[in-house]
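Going by the order they are written in, the chains are A, B, C, D, E and F; count residues from 1 in each one.
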Amino acid sequence: MALKQKYPKDSAVTMTEMVLPNDTNPLHNLMGGRMMHLIDIAGAIAAQKHSQRIVVTASVDNISFHQPIKLGSVITLQARVTRAFNSSMEIYVEVFAENLSMESKILTNRAFLTFVAIDQAGTPINVPELLPETEDEKKLFDGALRRRQLRLILAGRMKPDEATELKLLFED
Amino acid sequence: MALKQKYPKDSAVTMTEMVLPNDTNPLHNLMGGRMMHLIDIAGAIAAQKHSQRIVVTASVDNISFHQPIKLGSVITLQARVTRAFNSSMEIYVEVFAENLSMESKILTNRAFLTFVAIDQAGTPINVPELLPETEDEKKLFDGALRRRQLRLILAGRMKPDEATELKLLFED
Amino acid sequence: MALKQKYPKDSAVTMTEMVLPNDTNPLHNLMGGRMMHLIDIAGAIAAQKHSQRIVVTASVDNISFHQPIKLGSVITLQARVTRAFNSSMEIYVEVFAENLSMESKILTNRAFLTFVAIDQAGTPINVPELLPETEDEKKLFDGALRRRQLRLILAGRMKPDEATELKLLFED
Amino acid sequence: MALKQKYPKDSAVTMTEMVLPNDTNPLHNLMGGRMMHLIDIAGAIAAQKHSQRIVVTASVDNISFHQPIKLGSVITLQARVTRAFNSSMEIYVEVFAENLSMESKILTNRAFLTFVAIDQAGTPINVPELLPETEDEKKLFDGALRRRQLRLILAGRMKPDEATELKLLFED
Amino acid sequence: MALKQKYPKDSAVTMTEMVLPNDTNPLHNLMGGRMMHLIDIAGAIAAQKHSQRIVVTASVDNISFHQPIKLGSVITLQARVTRAFNSSMEIYVEVFAENLSMESKILTNRAFLTFVAIDQAGTPINVPELLPETEDEKKLFDGALRRRQLRLILAGRMKPDEATELKLLFED
Amino acid sequence: MALKQKYPKDSAVTMTEMVLPNDTNPLHNLMGGRMMHLIDIAGAIAAQKHSQRIVVTASVDNISFHQPIKLGSVITLQARVTRAFNSSMEIYVEVFAENLSMESKILTNRAFLTFVAIDQAGTPINVPELLPETEDEKKLFDGALRRRQLRLILAGRMKPDEATELKLLFED
């Protein structure tokens, strides 16, 4: 039986959190590890909604941290599936922060993660195909191949000269 | 006044944790986000010990997750500074897991993170130079430049053709 | 200086959470108190965004719990301001749940809460007026007076025969 | 087989907690949602002791929050069953707070909750009848019917003109 | 100014907790460390109530763990001051557990702890004298000297032959 | 089948933690109960590694707390098995703390705990014999008998005059 195709909007997730004391360092700023934890949960929920399966984190790409986020700030995570590959899904998460005095929120982090859908025995299982709709979604869909090759090279499972898609990164 | 030079062993950190129910997914395996959180804490402690300053996470490189780690398993994180650059430090974290029936522990994750030392006002501040001693430490020290260029490219702050060190990665 | 008027959409909050082991009872269902905690946080974030002030919970109205929500389910909380009164705001929170096998999420809880905006000394401080736009928002705005009277009666601070708005409830 | 009758004192619960940093807002006062969580746990323990069954929260009535409770304060929750109806129980919880400099504690919150006893399959199951002993217990026992009607009206499951007991509230 | 004298009942504490998943080991029994944590909190609250000061744990005596306590059980901690010495107080904590099917609770642990009252600068500060009233309280009051000598010997701060009170232990 | 003999180093555990806000009292110092919790976890991991079984805490000996440990400090726990008795193991835990400005860490706590290895039914099960190697390990091994007698006396399960080993304590 063929799996239903799905759109990014079908599994898009918005997650909002308030920065609490235990999430912060001695300067009262959000700790990076707590942020990673939230990014993973937001991504896992999107992947679970797309696949309607239990999912496990397979990888997280490079994440940078630029601005300190103060205790009491509100952070909003937006997660959506960018592409599905057999049993795995790439998820894109954007993190926005706003404190009390801000009129608008600012983008503080961006992350790409991959998750694998598994059955009750822990065996990978196929997931629905992803159909990008908007321009933005199509761009993320196309870039997914290139990011996948970079992951394989960094994991030592692909030779750089085989990474035909990755060369686009270096020619941008 | 010149800062004292330090060796990797001066700030090496071993962190051991037991996987508790709230760290696990419905199949009773450790969730990726919780692992990332632990990796960040281990790395931050090593960076804090090297710099004797408050540190903030600046970036985490690609992390892969291969084996499921069961509820009740013991995980051990080894973190050490690989190189210092002005106010930032690269930290290498290895994660090992062992469950009840295992005779020996297995390497489950590897991660490189960078931290920045800051003063009470949040301003970056210089840290001691790192002096690698062993062959392994020297190899990590040398690779730090290459990984730094990859981070800058991925963050859009360096052009690929300027990344002289990174080419070594593609020629390995 | 007059405070800026604001629309409900300016402070609407979507909060998504995964039900973790520690949130559940021995039958692996979400505990009511954990749900209340999440409802309060979602409401507080909406009130904080509307007022751009620290807010404190002043009251929560009757909440019913109908369906068990299983471990591993995803719950989504939607919070929005329904009306502002000087320093206080009424917030409406809807909770939806979906488990792995569900095609769509179901409404599991509804709650009205009030929050008061305070300054750094803890003194109540005026908040922007709320301007309802949609039919739904106008209905919630109008009902806010009636719910307020019921709260005052239940708190023993208004006599039932003075509750002119509340009579509408008994005539619906 | 008839279930044993029980007295309120048989299942009365006293719960004491210290307000910790993660329970507080940026002004270092206990957050409402954390208080609701504690009220639910205290009530659930009383209901579990009365029924000797797993219990689930069915509803919580209006709760007001008047005084800020500071970090480091001690809060004491008193919970007792007020009346049993087939498989459900109404519980009354009073919350007292005291800080370091206080000679005596003050009543900060009052709440009525209902819990349902269930078996391992999640099916509601009858609970022992409650026998009030003191004047105070008898008053709470009598008021339980009136509060129950208000809950049914608020949940849209009873018409106001059928609420014969509730009229007493408006005539008090 | 002389400090007010106080009775044990003035600061007696009852603390009730439900055993949650994260408190348990893989056999779903309460972990010893979580129990110790609760014992310390109950003791600290009693010491804080007696002294109306911030208190810090100075020592905890030998604790034994006999019965497994299952997930979902209710545990009740009773803490009371047994004797005050200048700035320190000895506290006695008894822990009772009951699960769903139990008619009555059983005593599972007993512990003696000492706490020191400190001012805002962290300096020890005198506490009110304790006046035992009941036979049980007087016995605990008298035994406090003997337990104190044993602590001093175990900490290497008293020679065994100076422990005149401790000999009573060996002659019991 | 005879169980394999093991050395202390085979199950030695190093655990590093950063003191977070929720671990601290209103003066921002680590609370004793949190420290006890960490000591128990470190000890349990060592006992689990030695026995390759689920373990439960059987007892913890007297622990003293001397220095305040500040928020943001790094604490390191070293746990190792000192001796095995049939199904039980004695574990020795040392705790070191260092804050940002310290050049070296200081010993803040020492604790002896006993754990029992159990099978899936909760029945005690034999563990490997411990073979001490170094002088320090042999001293801890020898002292284990004496400490065991003190525990039995304190638990009322041995008469003081039978405690032949314990007399060494009083003659030291």
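As a working rule, a contact is a pair of C-beta atoms (placed from the backbone, for glycine too) under 8 Å apart; a residue touches a chain by one contact, two chains touch by 3 or more.
Because the structure is a prediction, the values reported are computed rather than measured.
A.B. asks: Report, in degrees rounded to the nearest 5, the angle of the rotation taking chain E onto chain F when the C-alpha atoms are fitted.
C.D. replies: 180
A.B. asks: Pick the pair from E-F, D-E or A-C whose contact list overlaps the A-B contact list by over half.
C.D. replies: Repeated interface of A-B: E-F.
A.B. asks: For the two copies chain D and chain C, is the contact made of the same residues on each side, with over half of the numbers shared, or of different residues?
C.D. replies: At the contact between chain C and chain D, which are copies of one sequence, the residues are largely the same (over half shared).
A.B. asks: Suppose each chain is reduced to the average of its Cα coordinates; what separation in Å results between chain C and chain E?
C.D. replies: Going by mean C-alpha positions, chain C sits 42 Å from chain E.
A.B. asks: Please report how many Å separate the Cα centroid of chain B from that of chain F, as a whole number.
C.D. replies: Chain centroid spacing, chain B to chain F, equals 30 Å.
A.B. asks: Mind pulling the chain A residues that touch 2 or more other chains?
C.D. replies: 21-22, 25-26, 41, 44, 54, 72
A.B. asks: Which chains touch which?
C.D. replies: All chain pairs meeting the touch criterion are A-B, A-C, A-D, A-F, B-C, B-E, B-F, C-D, C-E, D-E, D-F, E-F.
A.B. asks: Going by the contact rule at the top, pick out the chain B residues touching chain F in the complex.
C.D. replies: 13-18, 41-42, 44-45, 48-49, 52-54, 72, 74, 98, 100-102
A.B. asks: Inside the complex, what are the residues of chain D that reach chain A?
C.D. replies: Touch residues, chain D against chain A: 21-22, 24-26.
A.B. asks: Chain B touches which residues of chain C in the complex?
C.D. replies: For this pair, the touching residues of chain C are 20-22, 71-72.
A.B. asks: Quick one: in the complex, what on chain B touches chain A?
C.D. replies: Counting only chain B, the residues touching chain A are 25-27, 29, 31-41, 44, 54, 56-65, 68, 113, 118, 120, 122, 150-151, 153-155, 160-161, 169-172.
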